[in-house]
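Please go over the structures that come below.
Two complexes, one shared chain (chain A), two partners (chain B, chain C).
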Partner chain A sequence: MTTVENEKPRYKYIGSDRKRVEDPRLLVGRGGYIADLKFPGLLHAAILRSPVPHATIRSIDATEALKLPGVVAVVTGEDCKAHMNPCMNFGPSSIPQFPLAVDKVRYVGEAVAAVIAESRYIAEDAVELLEVEFEDLPAVTNPVAAMEPGAALLHDGHGSNIGYERTFEFGDVAGAISGADLVVEDTLHWGRSAGMPMETSGAVARPGLNGVLEIYCNSLNFSYFSFLIAGALKLPSNRLTMNPVPAGGSFGSKFTAHKVPTLAGFLALRTGRPVSYVEDRLDHLMNSDHHASDRYYDAKMGFTSEGIITGLDVDVVDDYGAYMQFGVGTHGNAFSQIVGPYGFRNVKYHLRAVLTNKCQQGAYRGFGSEVHNWVLERLIDKAAVELGLKPEEIRRRNFITNDQFPYKIPGGNVYDSGNYPAVLDKALGMIDLEHWRSEQKRLREEEGRYIGIGLATTQERSVFSATEFWALNDNPDFPLTSSPESATVTIDPAGQFQLLLHCQSMWGNSPETVGTTVLAEEFGIEPETVNVRYADTARALPGTGPGGSRYTVMLAGAVRGASRKLQRKLIDIAAHSLEVAAEDLELVDARVQVKGAPEKSLSLPELASTAYFFALNMPPGMESGLEESYTYDHPYTTLPSADRSDLGVFYPIMGHACHIAVMEVDPDTGTTKFLDYVAVHDAGTMVNPKSLGGHVTGGAAQGLGSTLYEELAYDDEGQFKSSTFMDYLVPTANEVPPFRIGHVETPSPFTEYGIKGGGEGGRMVTPSVVSAAIDDALREYGMRVRELPVKPATIVATVQAAIAESSK
Partner chain B sequence: MKPPKFMYCDPDTVEDAIALKSRYGHDSLVLAGGQSLMPMLNMRLANPDVLIDINGISDLKRITRTGEVLEIGAGVRQSELETDAAVADAVPLLGKVVPYIGHIENRHRGTVGGSLAHADAAAELPCAAITLDATVVVQGPSGRREIAARDFFEGFMTNACAPDELVVAVRFPVASAASGSAFVEVARREGDFALAAAAAVAEVGTDGRFTALSIGVAGIAATPVRATVVEEALVGQAATAENIAAAAKRIADRVTAGDDLHATGTYRKHLAATVVKRAVVAAVADAQNRSNGS
Partner chain C sequence: MTTTENSPEARYAGDTRTVTLRVNGQEVTREVPTRTTLADFLRDDLDLVSVHLGCEHGVCGCCTVLLDGGSVRSCLMLAVQAQGHEIETVESLSADQNNLHPIQEAFAEEQGLQCGFCTPAMVLRTKEILADGQERTDDEVRHEISGILCRCTGYQNIINAVQNAGRKLRCGGAGGCGSAHDEAKGA
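Our next item is the complex of A and B:
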């Protein structure tokens, strides 16, 4: 079972294991998810998805579908073209996208038409009656072939299948490589996977009063961009209200998931009635906004004979799929921690983002940084073997040292703080590697069993700045620099707390636990007594929403800011009532008391009562009521340089982790099992070790999925092979080992309480550590994991090839 | 993922169910535990006019031992085979096979007859049935007939039932006291369909030679297959690990399953030999343990 070893807390509430305040309602089935939402006269939409990867839509005949009793309307890309603007898009404007395909389809599963009916059953019956004439175009499925002249174009208006190409070089990479004592090279492929929440994306839209369209959805971040959805729907921004509905998991899949609410909104506008569109599992697997990175690497790294890294040269082709809705943000993530925790200064990164007839990419826990980290760690492990160094030793020799923080990395991002040797030492202290190394030898010799040890580290960037969205582009359309988060704290007339969050942040993480814990710390109340609500966009203050492991840090900043304003008011009221100078008062355990004379005090209910009902007892001119809001913006960001030789500070709140896995590999079946697994993370000051441990466990489980099981596969003809959970294998409790978790706390100097984000680190390191353990177990057969997921067939093929070779 | 429209019938007796099958034939499907059929309906891979739900037929839910035959009703839930003492006593292999069927939740719903009728070549019960020389009892308008398991599985998800017949039971010969049994399966994840699996029942004489051996293999062809080539190579030979390993390699020729998302054909050939070898070795060890009274 998971064990958590944490340091002594320095706060009363922050840093203690607490049960999540979100859990009681979820555990009794009262989560209130999107599929639970019912309105009178609600209609249901089902989508016809393209069965072909690339084709012109010649015609769509809805005659028979419309005859089916209960069918209300059929909406197609022609309607989108006539009545909508393209969807919001952070990629090139020459690659527009609508929620239903316009003129042609570009991947298997792309939405072609929506049927709106009295029930989802009828809608699905009618989808089968739609007749679409496709004229096939050549399928572009290989990203390298896609770049060749003469390849069929996905987007004629873009003129090329290369969505983005650029080389970034920081330092002198040619010199670093040519001067190295050892250069290791590898060709690596990180395959496509995606977050698989139990609840898919969904939205309910209804025409409301005053010409306002209401959209209820489980997408995140929309208080940041609802005006863009309004723009796509050709509505004035104040005529769209988006209402947050708790999300049953996201892991990135609901991050900025704009097409589902945009489509639901469009269908409600076309029919004038409330419409629900909730993805089913087939919709989600083949058309989720968020298939994740699918990258092919040629990478090399130089080392001195002592194992010191001299430089890194990366050539990456990313198989982006048919659209580029988030631009190349997943590579911005790689730049945020491009050297990992290591001190080398020379990096070259040649990126080609290629358009193919596959689903578009989006967000998945790690957002692309986990892929780069896997490449880094693969190369370092290869060098360690060649240099005869233990994996912990080569890493230790390259760590950025504690006296170097804040540390500006090649490319411009800054690491705020860190103590990498402490994390490594803690991990090594939790597992007896010498025992396992002798056991490895003994089991091999005495029992013919193969066990391997993997050790890997990762940086865990957190708290993105908005500059990341555009810093890789020379001429961004909208070079924004704000990524704020807001909170409103209200003490009601009886002294009870309401906390209003200004974005949809409930996605299976713990925003309410974080917010109420901070309030508890600030006021001395119990977290469970606070009621938490979410603002709709008509009310919401600036908010960006969760993503990039930012929310805990940003929410803590916002709640603390609002709390400070409220504390000042409480003290001023108390000072007036008690006839004591404000500076002689303090707020302790939900009372305002005289310093040194705590018997002279007023409770929060007494002060609240005054604030609401006894204006004559308040300081003259003070406003009635007890409500304060605060908008906290990014604590530390800078602009990129004009020539992009420096990308600026955009992801500086830097966590770190080290995992060690002991695995057994069966060379005759290719199956693997864990014998032990240790995960140590440093996420700065911990708010709640229990929920942070949950993040580590869940992230590591998903990393394991991407490493051994999960694959969104297309065949050479562009057919999608992973459309059910019989094909797309999510690891279950049977496959996920009990991770033994430890924590180190190196506070950030830039955030409130020193908190760092910790939502993604698990997935950022498991792929590296599992790859390393498999290699180590089968080293005598030359095993080297070069492609994820690594399947049993690949392992057995490697072993059999080595046996055949040695018997020649 | 909503099923298309169908008519739903829930007969109380086998006779009523057969009357419905006779009437609707190919346009009907039988709903037992629903662990395969319900997803197929929801994904519209199955589109029956009539769904005949046999869950209410209590006659199909009996386990009876008559002499040297254990008869298991088609409606018996798979999980019962894991816990039923009569089953453990009569046919020990079943208790070793059943835990590999899906997850416990699936086995609480999934039925013995449903799994046999579904005839998935990678499924565990069809593999056990051919290994144990079971007979499948089917009933139609003209009465009952018995079909040997090795004739029952005709091809990819096809069985020897006529459109108006219903699988009502399966009969297993009671295992010899001298035999040992084992089941070995490799799947991508626990509970997934087998990439390859092997069941083995072995008897070894006092001279250490195989006196009887039957081996069934799942996941390698359009139907579960008996590894007769391996059986023939080993019966009469010493039950040594070396002999077993050498003979097990012969199964590779019977592997016709090619490349798919989860495995390659080449891998399956190696894996088939591996699971056959391991199942036979384990069955031999089990036989020795049983004869030692442990």
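Our next item is the complex of A and C:
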């Protein structure tokens, strides 16, 4: 069910449930995915991955492998050392990374050698024939132990296993905590999961003409960062062309996942032939460029007796794994909404990012802000219980109020707009909590059943600015401030539209639907008639791609910008042809007409014909053709202060959500079941409510996975334990409840049409609301979710311990 | 010291066999290496790239095809095991994106897909479960599609699509029975 506040439609196309223009090709099985690409003479690579967590590579013997008929080459870290520069890296330069391990392996699954053969079957046979000698080093698996003196070092050149440490304080936290009437504290652990799309990352690389290397890949969104891959491959930037390939899902896992295309490119350069490397599921599970956050918290929050938050004190140790390619951007995300939707002003955040023998971290839907939100909401729920306040009441008392926007939070980011009470009220209106609260009592008393109610909110920061990549560092190597998006709109000589997007943006979101909807709004054409293409990097204007829920906002800005330029040209041509002043013309329903006299008009095909074929009918000096491009820069960003007491505005387009879950928990088995679930989101102006609802639902299902099922587990020796989908439990339809979705629309004052991002919020609140519902169901046993995923065994153990205690 | 352990079985023996089967209504005869999976055979030899490989170990279901009308995971079968059988991939419903089959159309209407990677499998599974012509509850559909993982949709719109497709098929085609579409959804 989808409900929307009643309002008269402001737009003809934007805001209605239209079919997606991407879907017909996907429904006939022609998604154009990376594994579908075939080139003559294409070779296939398979990778030998490290079976040990930490070791020196003593030798690699490829003799037997190379004897196998069909094997073309074996490439190792030695080749990388000789012929490559380290991969692109936004972390410390003292932690370099190559696509194949150089000298040493640092986690189970790290790539050691690549075999290139005529088929994947042969390549995999040959991988088994490689002989590698490893000299084991002590495995560093516990991030706290990793910081102790004497711990084995992951990177000698870095000199320590602490990749980053810093304390940020905004306001007076000591005062806020010591002056509080109530202080709640908790020790929390958010476990590792990952985006885990059904399609893995992959790339096909082939030598092209003029010494150009062509790489096709599904995992690089920044069109203006491909020079960094060229740099790793020691190619001039104009001799590398990256071709965007649609992806079968990403959720962060393909966000700048550069090792796969870099490796494919390197293998094509080494062999001089086209090479395909598509991860299999094992490759992806243990080495998917990145896993997501793995954080240990000691957190404290102060409250007045009325439940008003006075301050937050967070100490977080993040188990980063073996490399730090994204630096601490996932914590930058936490800073973007560090106070949630609440008005408190005092925050302290002590961060240690620790290197261990595990896969490195990177993006996953929420990019680390969802973890901080869980901590925030866990503490507020604890305080609510101690103060005897309902969860909705304690939140309502702390909300930033509607008259405070735009609102600058501690740390410097700005929330553009919001209406938090409206979202809460809408959610409360969709479910009868009083009924469920009395049912909870009745079922407990009459049937011995345990029902819990959880309610939680989240901010959904959207549209990142590139300053967040480095704002937490004092001396960043490359403090870039651009994160633009581009679009090119062409009306062809017959009057038909082409839309060119300048990045890899089809990840399961609907960039083509968004772009064509905006074009329809601007020109009065039908969205389905537009053809959409993606530029390769030789042609591409700056494009940052999806990520941080930015693409819908940024693309709408780019397409609208290009449309306005094109509209101006059409009107000028029409003015010249019709011999009327341009001010007296307007573009309505795909025609340029005289205001007040619509019978005097020219159609788009007529104007296109003039623009392409009749130069002598054009205004003097005007260029032939009908094509305009526009690069839309971030609508609102500012620099951090030099001392980082203010991190600047970097994530200001702020959505909001409230979820309410009713769950039943079986204390004997630890299993859970949803009885109802309501999710209300405010993503500003909606482009396509059904699509947004789909993203909320899909995101919430992933949040549920992170909360109850999914875990990328390592044992104490550093061995990886989640190497199949039998171990890493992606929720099936049986686990995901029917979420009831509602929307509130608070337009952004800073974006075109008032759109906000909405791609991640679903995942950002489910962990909090499910944790709260489980606690509520088993409150009499002192249940408190402190670690995700919450396993049935943990629930049962808590209940059993409480029973044993009470029977003493 | 750890050394990688090799089991150099001579598995690249290159054994081949001739296989004859029907694929999307056409008889096909090919010489294939015996170890070629049905999925790779369909994708690489017959260019039916709608068969998607999500795990290659039998869990995700993205490689689902219909074998004699029932769903199988084509990554877990060898091509030679399909000898004499009838295989359907999503192209058998419609390979023409301008003229979709009612089930495909229902998925489009309900946005029962996002990235499209699980979609051919979900569409084929829908065909299989709707073959009995019966109405079913959302919960029944939920259970019946649970053997295929979708990472994008959270399943609800897929369930809506199956129900929508069921109405279309029971009414004999895309437009039939008026606008059953939203009202029966039980929102």
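Just so we're on the same page, the second predicted complex is superposed on the first by the 799 of 808 C-alpha atoms of A that agree within 3 Å, B and C clash if a C-alpha of one lies under 4 Å from a C-alpha of the other, contacts with A are read in each partner's own complex, and residues count from 1 in each chain.
Everything that follows uses one rule, which is that contacts are C-beta pairs under 8 Å (C-beta built on N, C-alpha and C of every residue); 3 or more make two chains touch, one makes a residue touch a chain.
In this text the structure is predicted, and so the values were computed from the model without any measurement.
Of the two partner chains placed by superposition, only chain C is touched by A:132; chain B is not.
By the touch criterion defined above, A:70 lies against chain C but remains apart from chain B after alignment on the C-alpha atoms of chain A.
Shared-chain residue A:732: touches chain B and chain C both. Once the two complexes are laid over each other on the shared chain, residue contacts for A:536 go to neither chain B nor chain C. In the superposition on chain A, A:668 contacts chain B only, with no contact to chain C. Legend: residue contacts after superposition of the two complexes on their common chain; A:682 is shown touching neither chain B nor chain C. Of the two partner chains placed by superposition, chain B and chain C are both touched by A:121. By the document's definition of touching, both partners, chain B and chain C, reach A:280. Contacts of A:797 after superposition on the shared chain: chain B is touched, whereas chain C is not.
Between chain B and chain C, C contacts the larger number of chain A residues.
Annotation: chain A residues 121, 125, 128, 280-281, 724, 726, 732, 734 touch chain B in one complex and chain C in the other.
Contact residues on chain B toward chain A in their complex (touch as defined above): 1-5, 39, 43-44, 186, 188-193, 195, 261-264, 266-267, 270-271, 274-275.
Residues of chain C touching chain A in their complex: 1-4, 6-8, 11-12, 33, 35-36, 43, 48-57, 59-60, 62, 89-91, 94-98, 100, 104, 107-109, 111, 113-120, 123, 138, 142-143, 145-147, 149-159, 187. Residues 1-2, 19-20, 22-31, 33, 35-36, 48, 51-52, 55, 58, 64, 68-70, 121-122, 125, 128-136, 195-199, 246-249, 251, 280-281, 506-510, 690-691, 693-695, 697-702, 724-726, 730, 732-734, 736, 738-739, 762 of chain A are the ones that touch chain C when the two sit in their complex. Across the complex, chain A meets chain B through its residues 120-121, 124-125, 128, 280-282, 668-671, 709, 711, 713, 721-722, 724, 726-727, 729, 731-732, 734-735, 791-793, 796-797, 800.
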